[in-house]
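Heads up, the next two complexes both have subunit A, just with different partners, subunit B and then subunit C.
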Partner chain A sequence: MAEFKEISPNASAGAKLTNWFENRFPTMFDAYRVHMSEYYAPKNFNFWYIFGSLALLVLVIQIVTGIFLVMHYKPDAAKAFESVEYIMRDVPWGWLIRYMHSTGASAFFIVVYLHMFRGLLYGSYRKPRELVWIFGCAIFLALMGEAFMGYLLPWGQMSYWGAQVIVNLFSAIPFIGPDLALLIRGDYVVSDATLNRFFSFHVIAVPLVLLGLVVAHLLALHDVGSNNPDGIEIKKGPKGNRWSATAPADGIPFHPYYSVHDIFGVCVFLIVFTAVIFFAPEAGGYFLEYNNFIPADPLVTPAHIAPVWYFTPFYSMLRAITTEMVYVLVACVVLGAAFGVFKAKLPGVFKGLIAVAAAVTVALMLAIDAKFWGVVVMGGAVIILFFLPWLDCSPARSIRYRPTWHKYVYAVFVVNFVILAYLGVQPPSPVGERVSQLGTLIYFGFFLLMPWWSAKGEPKPVPDRVTYQAH
Partner chain B sequence: MSDTPIDSSKRTWLIATGCAGAVGGVATAVPFVSTFQPSEKAKAAGAAIEVDISQLKPGERIIAEWRGKPVWIIKRTPEQIADLPSLDGQLADPKSERKPDEFTPPYARNEHRSIKPEILVAVGICPHLGCSPTEKYTPGPQPSLPDDWKGGFLCPCHGSTFDLAGRVFKNKPSPDNLEIPPHMYLSDTRLLIGEDKKA
Partner chain C sequence: MKKIILSFIAALGLVAGAAHAAGGATIAWDKAPNKTNDLPALQNGAKLFVNYCLGCHSAAFMRYNRLQDIGLTEQQIKDNLLLTTDKIGDTMKATIDPKQAKEWFGANPPDLTVIARSRAGAGGSGADYLYTFLRSFYRDDAKATGWNNVLFPNVGMPHALWELQGERRATFDETTHAFKGYEQITPGKMSAQEYDAAIADLVGYLQWMGEPAQNTRVRIGIWVLAFLFVTTFLAWRLNAAFWKDVK
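And then the complex of A and B:
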């Protein structure tokens, strides 16, 4: 227990009150110091560093608007669609709360995608921040689940058929698949039972997991300290700044420096966010799809169904896996194994293992339907992110000091991701299929070949201290 | 603390109680997970349905709901039936030989996949991921379809195409043909879906 602090009887009433609390709840005061006033973040953050705080803001917006929506929403297949319309038309200001929540979902993904891209640019996942990155990827996964289950709740056509498709993904798993899909739906088709359990997951289970992961993400970050655009470890640099003799010289306290920095970011964000809410809440059918304004009809699939924009890159990869594409993937596995066996410097035992594993994989790929491999590819596209800290072998952490051509590799990756996203909202077409197949190979090539390409090239000299101009 | 010798008997009991606790924990999880299963009410909702097809004209379709799924009853024209064998080369499973017990009852294991050649009864759910394919009866080139299209169905979700016997074309996401539900004719114009003679 902390020492009981006496305070002078002449102290102000405010100081006395603070002292009273500090003696009875010191944890709170320690937390404020550790995470705010004495958390020393590198002083060279740029605008890319606002997206973490913005993600937290959007999380709060989603929780608060969600609480108010639940007061009027009815999780019942017969009433759900009506109750959403009731919120939109009859509940005073209900439309605003609902549009905040629906726009918030898309905003969440925009912010999180940019936040992740920042990590990619500056190597923020590199040692010792692997766990920060892994918690972050888990947040992304939980967020995808949260968004998917939330999208069923309005019980429109897109809600219904989107859930139908995604739940059926699980039935592609050999042996246990059909039973697993049945267990998820709680019925032989997506029905009232499915709606009720998705509601429960969306409002209670997943948000609790999300909050826990966010806490873990932040605590782990504050333990190892933030990375920065130069990718230089400020804790390894000289010590002593104007607030503390032991803190890194290139660190500044999070509060007030970055709290103010982030409040500015929040203002810019809210301008855009409210503009969307008031002037384009459907965002041209991307944030709220037109077909979702039609009540769910289990007998008719809308002529054009596509997931909401944030899922489309992964959806494109799912669609890309046809029987032909499985042969291409088999060729990739064979090539990879051949490389491992003939070229890599590994003990003979490992080479044998690689050959056996490749043979088994190829046999499975040919034996099981392309549909299952589509699901594996889609899941793998998310799961592969978890391994990024070990895939990146570049001597320089930040893109600033990597060979210039690495920037082009990143550019190809980003453009490819956007193309995949675009194709995912388009109806299936033969050309789109070929492009998305190529895109899938580029996406996985970027990650799986990263140990090779990221180590290539001559890195630029990394300075000892962060680059920073006072302004 | 480190000077104290390890009391291995105490440790054995700790492990044993830990294991007993874990068994209890897993056993408690069973009822919770079990609630995810379809309820008795959902299981009971699978009764057979009767459909009157006296008004069905060639080239038309009726959609009936059976177990929450759309069941299509389509009356094909003689030309459409005549076209079916010509497609065999382009189909993944023209003779309905893949998983016949799941997708094609014995009385529908023929070229037209039906009891009566003109009337197709099929579950209108794509075996890929469960969307309901859209009717594309008009032959000829059109978006998302090959130029020599002879009429059939296109799944709007992932682009699987089916012919007018519900047979899937090669190299499409769906591995299987459309499911033919158990069905029988009660009379010339009354169809029972969900039950057949042997059941």
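And then the complex of A and C:
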């Protein structure tokens, strides 16, 4: 326990009050210092570094608006759609709260995708920040679950049939699939039981997990310190700055320097965010789908069921896995195994293991329905992100000092991701199927071949200190 | 690298084209005039809605007293729009029995509260769709109701506004079956222009009813944005003031 500090009776009332709290709750003061006023972040952060704060802001918006929505929403298949319209019409300012929440869902994914891309650009997941990245990927996964279950709640046609399609995917898992799908739905079709459990998960279970993960993400980050656009470790550089003799010379206190940065960023973000809320809350049918203004009808299947835009890259990869595509994947596994056995410098035991594992995988791939492998690919597309810290073998962390052609590889990855997203919104078509199959191979190729391509090329000289121009 | 990107863009174009061709649209949607700020038009639309639509369709999330937002007084609503059994705070319910409706039309007439929001699509806004739909009915003796629709072939709904528009026949190209045009059989109470204007009012009302807060939303939004622009300017200067000494 910290030592009890007496204060002079002549001190000001404010100082006395601070002293009173400091003696009784020193942790709060330590936390402020560790995470705000004495957290030294690199001073060369750029535009890309705003999205973490923005994600936190959107999380708060979602929680607060969510609390007010739950006051009026009825998680009951007979009343859910009606209660949303009640919020939109009869609850004072209900329309604003609801639009904030629906726009917030899309905004969350926009800022999180940009935040993740920042990590990719500057190698923010590299040693010693692997856990920061893994917590972040877990947040992304939890966010997907949160969004998926929240989308059922308005109980429109897209809510209903989207949930129906996705939950049915689980039934493709061999042996346990049908029972698992039944457990998720609580019924043989998506119904009132499903709505109730999704509501419970959406408002309690997943938000708790999300909050815990966000705390872990931030604590882990503040333990190892932030990366920066140059991808160099400021802790390894010279010590001593204006605020502290022991802090890194290129560090700057988070508060007030980055808090004023973030206030500015938040204002710019809010301009865009409120412009959507007040002038285009449907965002052309992407944030609020038109079909979802029709109440859920278990007897009428819509002609075209598409998930909300933020899931569509993954949905495209799911749809890409046809029976034909499984043969392509089998060929990939065989090629990979052949490379491991004939080319890699490994002990014979490992080579044997690789051959056996590949043979078993191929046998399973041919034995089980393609639909299941679609689910595996869709899940794998998210899970593979967790392994990024070990897949990236580039000598330089930041894209700034990697070979120029690495930028083109990243560009192809981004364009490919956008194309997959676009195709996921479209109804299935023969050309779209081929393009999304190619896109799936590019997506996985980017990650699985990363240990090879990221180590190639001549990195540019990395400076000793961060590059910073005074404002 | 450029080649790869170019071929991607080309592929994307192909996909978009294929998706468009697969749409199977009957006719293009006409652009509905925007009436959501025109109070007399909305009031006329509300009158048409109550007289011609509410018999079969409900607007179960719309309360009569909300019509005060389009400039009607409580007394005017009671005198002109309300059925004697309803109260001013009630929602708009159809007079038809849903079971009978199902028997007559083969399906329950959909609720119209948010119909204008649900019908938007690649062809235009929901208002455009409704504006086109309500002006596309024609006589077709092959159908049980005696009516058909060019935009929504074999629709279950008869032409509820036929008295106003009169009866029309549609002509189709004999080989391609593409729609060619209408022929007026019997005159209606309204001229073609008057009918289009009336439908514009009705659709304007449906659009307004889909989201009664929409005009408030835009009005407030302008102030919110103005506030944020000022705040952003201050935040920018605050940021600059702190960072000017950082070398």
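Definition applied: the second predicted complex is superposed on the first by the 471 of 471 C-alpha atoms of A that agree within 3 Å, B and C clash if a C-alpha of one lies under 4 Å from a C-alpha of the other, contacts with A are read in each partner's own complex, and residues count from 1 in each chain.
We take it that a residue touches a chain if its C-beta (ideal position, glycine included) is under 8 Å from a C-beta of that chain, and two chains touch if they have at least 3 such contacts.
These numbers come from a predicted model, not from an experiment.
**Student:** Check whether A:305 is in contact with subunit B, with subunit C, with both or with neither, and answer first, second, both or neither.
**Tutor:** first
**Student:** State whether A:319 touches subunit B only (first), subunit C only (second), both chains, or neither.
**Tutor:** A:319: touches subunit B, not subunit C.
**Student:** Have a look at where A:338 lands relative to subunit B and subunit C in the superposition and call it first, second, both or neither.
**Tutor:** A:338: touches no partner chain.
**Student:** If we overlay the two complexes on their shared chain A, which of subunit B and subunit C does A:260 touch? Say first, second, both or neither.
**Tutor:** In the superposition, A:260 touches subunit C alone.
**Student:** Determine, under the contact definition given at the top, whether A:364 touches first (subunit B), second (subunit C), both, or neither.
**Tutor:** A:364 sits against neither subunit B nor subunit C.
**Student:** Return first, second, both or neither, reflecting whether A:429 touches subunit B, subunit C, both chains, or no partner chain.
**Tutor:** It touches subunit B and subunit C both.
**Student:** Does the superposition put A:43 against subunit B (first), subunit C (second), both, or neither?
**Tutor:** Second partner only, subunit C.
**Student:** By the touch definition above, which subunit A residues appear in both interfaces, subunit B in one complex and subunit C in the other?
**Tutor:** In the superposed arrangement, which is not itself an observed complex, subunit A uses residues 427, 429 for both subunit B and subunit C.
**Student:** Quick one: which bits of subunit B touch subunit A in the complex? Just the residue numbers, please.
**Tutor:** Touch list, subunit B to subunit A: 33, 36-39, 42, 46, 63, 65, 67-70, 124, 128-134, 143-144, 155-159, 170-175.
**Student:** Which subunit A residues qualify as touching subunit B in the complex?
**Tutor:** Going by the criterion above, the answer is residues 161, 164-169, 172, 182-189, 191, 193, 197, 298-305, 318-319, 321-324, 369-371, 374, 427-429, 433.
**Student:** If we count contacts the way the header does, which residues on subunit C are in touch with subunit A in the complex?
**Tutor:** Those residues of subunit C that touch subunit A are 1, 4-5, 8, 11-12, 14-16, 18-19, 22, 60-63, 66, 110-111, 113-115, 117-121, 126, 210-213, 217-218, 220-222, 224-225, 228-229, 231-232, 235-236, 238-240, 242-244, 246-247.
**Student:** Using the touch definition from the top, list the residues of subunit A that touch subunit C in their complex.
**Tutor:** The touching residues are 43, 82, 85-86, 88-90, 95-96, 99, 252, 256-257, 260-261, 263-264, 266-268, 270-271, 274-275, 277-279, 281-282, 285, 290-295, 408, 411-412, 415-416, 419, 422-423, 426-427, 429-432, 435, 470-471.
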